[in-house]
Amino acid sequence: MSSGKTIGVLTSGGDCAGLNAVIRAVVARAILGYGWRVLGIHQGTQGLLRRPVDFVPLDLKCADSAMARSAGTMLGTTNRGDPFAYPMPDGSRKDRSEEIIEGCRLLGLDALIGIGGDGSMAILRRLAQQGNIPFVGVPKTIDNDVGATETSIGYDTAVMVATEAIDRLQPTAASHDRVMILEVMGRDSGHIAMAAGIAGGADVILVPEIPYDIDVVAEHINSLRRNGRNFAIVVVAEAVRDKTGEHVRLHHALGGVTYGGIGHVLGDAIAQKTGAETRVTVLGHVQRGGQPTWDDRMTASAFGVHAVDLVAQGKFDRLVAWQHRRVVDVPLTAAFELTPLTDFDDTLVHTARGLGICLGDSKTE
Amino acid sequence: MSSGKTIGVLTSGGDCAGLNAVIRAVVARAILGYGWRVLGIHQGTQGLLRRPVDFVPLDLKCADSAMARSAGTMLGTTNRGDPFAYPMPDGSRKDRSEEIIEGCRLLGLDALIGIGGDGSMAILRRLAQQGNIPFVGVPKTIDNDVGATETSIGYDTAVMVATEAIDRLQPTAASHDRVMILEVMGRDSGHIAMAAGIAGGADVILVPEIPYDIDVVAEHINSLRRNGRNFAIVVVAEAVRDKTGEHVRLHHALGGVTYGGIGHVLGDAIAQKTGAETRVTVLGHVQRGGQPTWDDRMTASAFGVHAVDLVAQGKFDRLVAWQHRRVVDVPLTAAFELTPLTDFDDTLVHTARGLGICLGDSKTE
Amino acid sequence: MSSGKTIGVLTSGGDCAGLNAVIRAVVARAILGYGWRVLGIHQGTQGLLRRPVDFVPLDLKCADSAMARSAGTMLGTTNRGDPFAYPMPDGSRKDRSEEIIEGCRLLGLDALIGIGGDGSMAILRRLAQQGNIPFVGVPKTIDNDVGATETSIGYDTAVMVATEAIDRLQPTAASHDRVMILEVMGRDSGHIAMAAGIAGGADVILVPEIPYDIDVVAEHINSLRRNGRNFAIVVVAEAVRDKTGEHVRLHHALGGVTYGGIGHVLGDAIAQKTGAETRVTVLGHVQRGGQPTWDDRMTASAFGVHAVDLVAQGKFDRLVAWQHRRVVDVPLTAAFELTPLTDFDDTLVHTARGLGICLGDSKTE
Amino acid sequence: MSSGKTIGVLTSGGDCAGLNAVIRAVVARAILGYGWRVLGIHQGTQGLLRRPVDFVPLDLKCADSAMARSAGTMLGTTNRGDPFAYPMPDGSRKDRSEEIIEGCRLLGLDALIGIGGDGSMAILRRLAQQGNIPFVGVPKTIDNDVGATETSIGYDTAVMVATEAIDRLQPTAASHDRVMILEVMGRDSGHIAMAAGIAGGADVILVPEIPYDIDVVAEHINSLRRNGRNFAIVVVAEAVRDKTGEHVRLHHALGGVTYGGIGHVLGDAIAQKTGAETRVTVLGHVQRGGQPTWDDRMTASAFGVHAVDLVAQGKFDRLVAWQHRRVVDVPLTAAFELTPLTDFDDTLVHTARGLGICLGDSKTE
C-alpha cells in the first residue's frame, strides 16, 4: 500500500445522474484500498481559481450508499468558461490557466481525477500537460457520444427518463387523437432520442445526424391515420435540423437557441401539414436530475475504482472506459472522438427502420 | 338480480389517469353483480352524434387488471364542443342535443354513466334532463377542485408526476447554482402546484388563487442565497397571475394561451431581478398520461361500482364522491361547485407557509 | 412570536416512509415560525433513557427537501420494550418511566412531539401524564387503522409498494399459468391488502377481519380456470386466519411467528386443492422503506406544522389527524381506537366484492 | 422483398421482462420489411405438441408500443419438460421430439425463431437439427450468464428491481439498527446479486461463484459496527454456498430447494454470530415481471429485427447477440457457454472489493 498520496477529484460540465457514485467510488477506493487523502474540488476548475482554493476533504462518510444513489454532484459544477480565455467582468478574455495549476499545487495534489464530457476533458488535459499534473479522466455525458466507451455516466438515466415520458404521452395521445411531440436532450447526438424512441414505441424519431424532410414526416403520420391509428408519437432531439433549413431559421427567428425548443416549430408544421391536433413537451432538465439507474451507478462505481487504480499504477493521461463488460482505459485523447449515430452500419438506426419507425428521410430498408 | 338492463358509459373532457379503472369497475359490477349489458360510447358525446352510433359492447375482458392499471381512456374522449352550440364546418353554431339524445335511444340505454369534469357534467346533466336519460356522474379532473369530493380521478397521479419532476430538478439545480422553474397543470386551481410543491420541497409556489408580486418572489430567492442556499425551486401553476398583470400581458403578447407557458415569462423575470441563472420546464401532458397510482385506481374502482349500484337503486342525477374514507353520492349539481385553494383556513396553504415556502405575496403566519 | 421554547421530537415503533418529512416540518415550523429550538431524540424513548441523554439539535439543514423525500427516520426508532416494564439483562422487568421523564427535564423540554403508532402513543401518553410533559402526538402506521384520522404516515407508500409488486407478479403469473400469492404487511388490519389488491387487480384478497375458507378460495380459482383464465393473483395480509384455524396451527408448527409467513401455508394449500402451480412472495420490509409518496410527504408536512402550532397554542394531549381535506386535532386517546376493515358498510370491502374479487368467505353482494 | 414466407416464434423457459418486445420486433420486421406471415406458438414447444397445434397468427396489432413495454410473454411459456424425455402421466419418460417437428410442418413454417435461455436453446437446437428446421435463437435470461452476448433480455430489468429493493431496505435497516438480508435470483450466476449490490450500496455480497465463510461475513459486519455503522445490507444470490457446506445442508434439511430460501439460514447465522437483529427478504418473482427497462426494450427490439434479417439471409443455427454497442450473431452453440462471475480479471468483482464490499472470502485487493 503506497501511503501518503493526496488526490483531487472534480466534476465539470453539465451535471447528470451518477456523478456522486463516481465520487463515492473514488473516495472508497483511495481511502480503503490505498490509505490516501481525497480532496473534493468545488465547481469544477472554479474551485481551483478561488483563493483560498475552494475544496472539501472527502472521508468515508461520502462513500455511503445514499451518496451512490443520489442525483447531481455534491461538488457542484459549472460551464462558466474556458480558463484559457476566461470571461472577465469587463467583457475581455484572460488566460487564467496558471492560477488553476497553482491551485493544484496549493492543495499538494499528487494526482487529479476529472469527471467530465469531451469539452471538459480537452480543457483539463491542456491544463494537466501545461502544469505537469498527473491526470485521469472519467467520461460522463448524457449524449453518449464518446466513441471509446460503450457507455458514459448519465446516459442510461437520461434515456430512462425520456422513455418514461413517452410511456406517459402515448395513452393521452391515443385518448385524444393527437400527435404528441417530445423534445429530448442530446446536443449534436441522437442517441437519447433514438434509444428512447425505440424503447417507447415512437412512430417518428428525428435526430441531428439525419436531417428530416417535413413532408416525409407528415406523409408517415397521414399513412398511420389512413391505417386506423388515431395518434402518433414523435421524438425529436434538441439539435435536429430539417433538410431545407427553414425550421431552423424559424426557430432562430423566434429567439430559439441552438439547443432546445425546435419541437414547437415542428409541432406547428405537423399540425399544418396533417390537420392533426398536436401537443409539444420539451422535457428539459429532468433528464439530468433523475436518480441514477443501477447501470449508471454500477458503471460509475467501476470507473471510480479504476481511475484510482490508474493513479496507483502511475498511468496518467488516460480515460477510463467501458468495453465488452469490462472497465478498461484508453488514451485521454479518445475522449474527443465523438460518435454520432450514423445512417449505415448502426444498430439503433437499423432497428428503428426495421420496426417501421420514420426517421424523417425517405430511406427504407 | 334485476336483469336485462343496458347501460352506457362514456368519458368526456381532458383525459387523465384512472379512467380505464372506472370503466373496468362499471363493467365488472354491471355484468357480475347485475347481469346487465354495458355499451362503451366512443369519444364522449361524439359517439352518440355519429350514425351509426359509435360504440363498443364491453365484456369481462375489459375488466381485467391490465385495464385497471392502464393510463388514458379506452373509449377516447374529446373536448370538441358544446352540443348545444356545436361548431359546424361553416363556422356557425348549431344545437345538436336532440341528436345525442336520439343516440341514447338508438342504443336502448336504460341509464348512462358519464365520467367527466365540471364542464362535461354541466353538459351531460342538461342533456339528461332534456332527454329524460337516467344519468349518474363520476368526477374526474387532475385539478381536484370539485368541492363535493375529497379526490377526483386523476389528481393523485398528476401530483405524483409533478412531484417526481421536482425531485429530479432539485439535484441539477443544486449542482449548477440555478433557479429551476417548473410549470404544472391545474387550470384555475392551484391544487397540483401546492401539493407537489410541498411534497417536493419547493421554495416558491405560485397558484392562481394568490396573485404574486414578482418583487416578493425575487426577494425570497435573494434571501435564500444570502443564507447560503445556492439554488431555488419554483413551482408555478399554468394559470397563475402576477399582481400587476404585466406578466400575463407579456405572456399573451408572446402568443401565449390562457393555460400554459407563463413559466417562461416568470423565469426571465426572476433572472432579471436576481441575477440567477434560471431554467424553465413546462411539464405538460405527461401529467395526464401517467400509469394511475394505487389511490387513483382504488378510488376509480369504488366510484365505478357505486355508480352502477346507484343505477340499480334507481337513484339518478347523482354524482359519486369520496368523503371520509367512503364512497358516497351527492346531487349532480355539486359537480359545478369548484373549490379553489384559498388563503385562509386551508391546510395546504397554511402548511406551505409553515414550511417557510414563499407563496408570492407578503403574508406570513 | 413566543420565543425561547425548546421542544423535543422523537419517532417510536416500526419505521415507515414519511417520518423524516414530519421531522422536517416540525423543525421548519418551530424555527421559522416561532424561533424555538428543536432537539431530536434518538431511538424513541431509548435516547431519553441513556445518560447523557442521546439527542441531536436540529437546525434548518434538517429541513431541506432531500430530508422530506427520504425514507426511514433520521432519529432512529426501536420497539425495544415498554419503559414501564423494561426488559433487563437478567430477564426481569423494571419500571424505568421516571428515568425517561428525567431525561426530558435534563433537556429542558417545554414540550414533546412524538411520532408513533397506537402502541407508542399509549406509552408516550402515560409517560406524559406521569411526568407532566406537554405532549402532542402524530399518527404513523402503515396499517392505517387509527380510526380518528383518514390516513396515517406511511400507509400510502406501503400500499404503493405492494401494488407495484402485484403489477409485477401478474405478467409472470400469466406467462406461466401460475397462481401467485403475495403476502403483505398490516398486522391485524387488512387495509394494505385490500387497497393494493383492488388497485392491482387481485382475484382473491384475504384479510384478518374476514377469516377465510380455503375451499371457497380454491373454488374461486377453479372457476376462473374454467372460464379460461390461466392464472390468479392472491393477496394475503400477514395476520390472516382460516376459518378452521388449521392453517394457523400449521404455520405455528413450522415455527412461524404471529405476523408473517402464512402465505407459504396458503400457497401449499391452494396447490393441493386446485392442482395449480403456485409461487409465494413475502414482500416484507420493502413496504416500510420506500421513498415516501407525495401524499405521505404532504400529510407528514401538514401534521408536523400543525403539531408545532398546537404546542404554540398550549393545546396538549392531542393527536393531529387528517379529516376531509384538512389537518385537525383530536384527543390523544383517539389514537388507541383502531378501525379494522369490516364486512359491512365499508367501501373497500364492498368495492372488492363488486369487482368480483373473492374475499375467502361465501358472502356475495 | 422475398414474400410468402411463414415464420414461427416462441418463448421458452422462465419468463422475464422484454419478451414481448422481441415478439413485437419480429412481427414488425417480418410484416413491414418482408411481407411475411408470423405465427406465434403458445407455451413454448408445448404448443407444437398439441393437436391442433396451439398457435395464433400475429399481425401488426401485436406490434404496438404497449406491447413493447409490457412484461411477461403474450405467447406463454413453460418449463414443463424435455421433449426428448417428456414426463408422461404414468411417470415414464417418452421421446416426443418427432411430434414437435411434425407440429412445425403442420404450420408450414419456413423458419422458427426461439427466444430462450441456455437450456431451451439446447433443446431447440437439437429439435431443429433433427427436423431440418431453419432456426434462429434469441438469448433471454435474467442471469446474464450467456457469454457470447454482453446482455440478455430480462437482465437489466431484474437488476433494476433488485436494486430498488435495496434502496428501500437501507433506510429501514438504518432506522432500526438492523442487518437486512436480501435474497435475489440468478441461478448459478452471481450477476444480479453483484450488480444490484454494487448499485444499491450493499456491505456484503454473496454469489455462487465465491463460496462464503460465515465467520468472514460476521467479522465484516462486526467491524462496520465497531466503526459506528449501526446497520448492514447483505445481498445474497439464491444458489450461494458456504465454504463448509453446513448452511446448504441446513437449508435442505429444512425442505429448501436448490434455488431459493437460503437467505433465511444466512440470516439466522448472522444473528447468532453478531448479535445483530436480522430481517430477511426473498425477492422472488417480482424480478421477472417488472415492466422492461428501456435497455431491455431496446436490446429486445434489435434482437427481434436482426433475427428476422438472419432468416431473410438464410443464416440459420445462429444466436443473435449484443457486442460493443451492436447487434451481431454468433453460432448457436455459443448459447451454451455460460460465464459465471469469476474471482479474477472481472470488473464487477474487482469493483465490489474496491468499494470495500465483503464478498464472503478473505481476499482483499
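In order of appearance the chains are A, B, C and D, and numbering begins at 1 in each one.
The criterion applied here is as follows: a contact is a pair of C-beta atoms (placed from the backbone, for glycine too) under 8 Å apart; a residue touches a chain by one contact, two chains touch by 3 or more.
Going by UniProt, the chains are A, B, C, D = ATP-dependent 6-phosphofructokinase.
Because the structure is predicted, anything quoted here is derived from the model rather than measured.
Chemist: Shared touching chains for chain A and chain B?
Modeler: Touches both chain A and chain B: nothing.
Chemist: Go ahead and align chain A to its copy chain D using Cα positions, then give the rotation in degrees, nearest 5.
Modeler: The two chains, chain A and chain D, differ by a rotation of 180 degrees.
Chemist: Taking each chain's centre as the mean of its C-alpha atoms, give the chain farthest from chain C.
Modeler: Farthest chain from chain C, going by C-alpha centroids: A.
Chemist: Take the average of all CA coordinates in chain B, do the same for chain C, and state the distance between these two points in whole angstrom.
Modeler: Each chain's C-alpha centroid was found; their separation is 30 Å.
Chemist: Taking each chain's centre as the mean of its CA atoms, how far is chain C from chain D in angstrom?
Modeler: Whole-Å distance between the two chain centres: 34.
Chemist: Could you grab the centroid distance between chain B and chain D? Build each centroid from C-alpha atoms only and quote it in angstrom.
Modeler: Here chain B and chain D have centroids separated by 41 Å.
Chemist: Among all residues of chain A, which ones touch two or more of the remaining chains?
Modeler: In chain A, residues 167, 170 touch at least two other chains, as defined above.
Chemist: Considering every pair of chains, which are in touch?
Modeler: A-B, A-D, B-C, C-D
Chemist: Would you tell me which residues of chain D are touching chain C in their complex?
Modeler: Within the complex, chain D touches chain C at residues 11, 14-15, 19, 70-73, 76-78, 161, 165, 167-177, 180, 230, 279-286, 288-291.
Chemist: Which residues of chain D touch chain A in their complex?
Modeler: Touch list, chain D to chain A: 24-25, 28-29, 32-33, 63-66, 68-69, 150, 156, 159-160, 163, 166-167, 170, 195-196, 198-202, 233, 293-295, 297-298, 301-302, 305-306, 308-309, 323-327, 346-348, 350-351, 354-356, 365.
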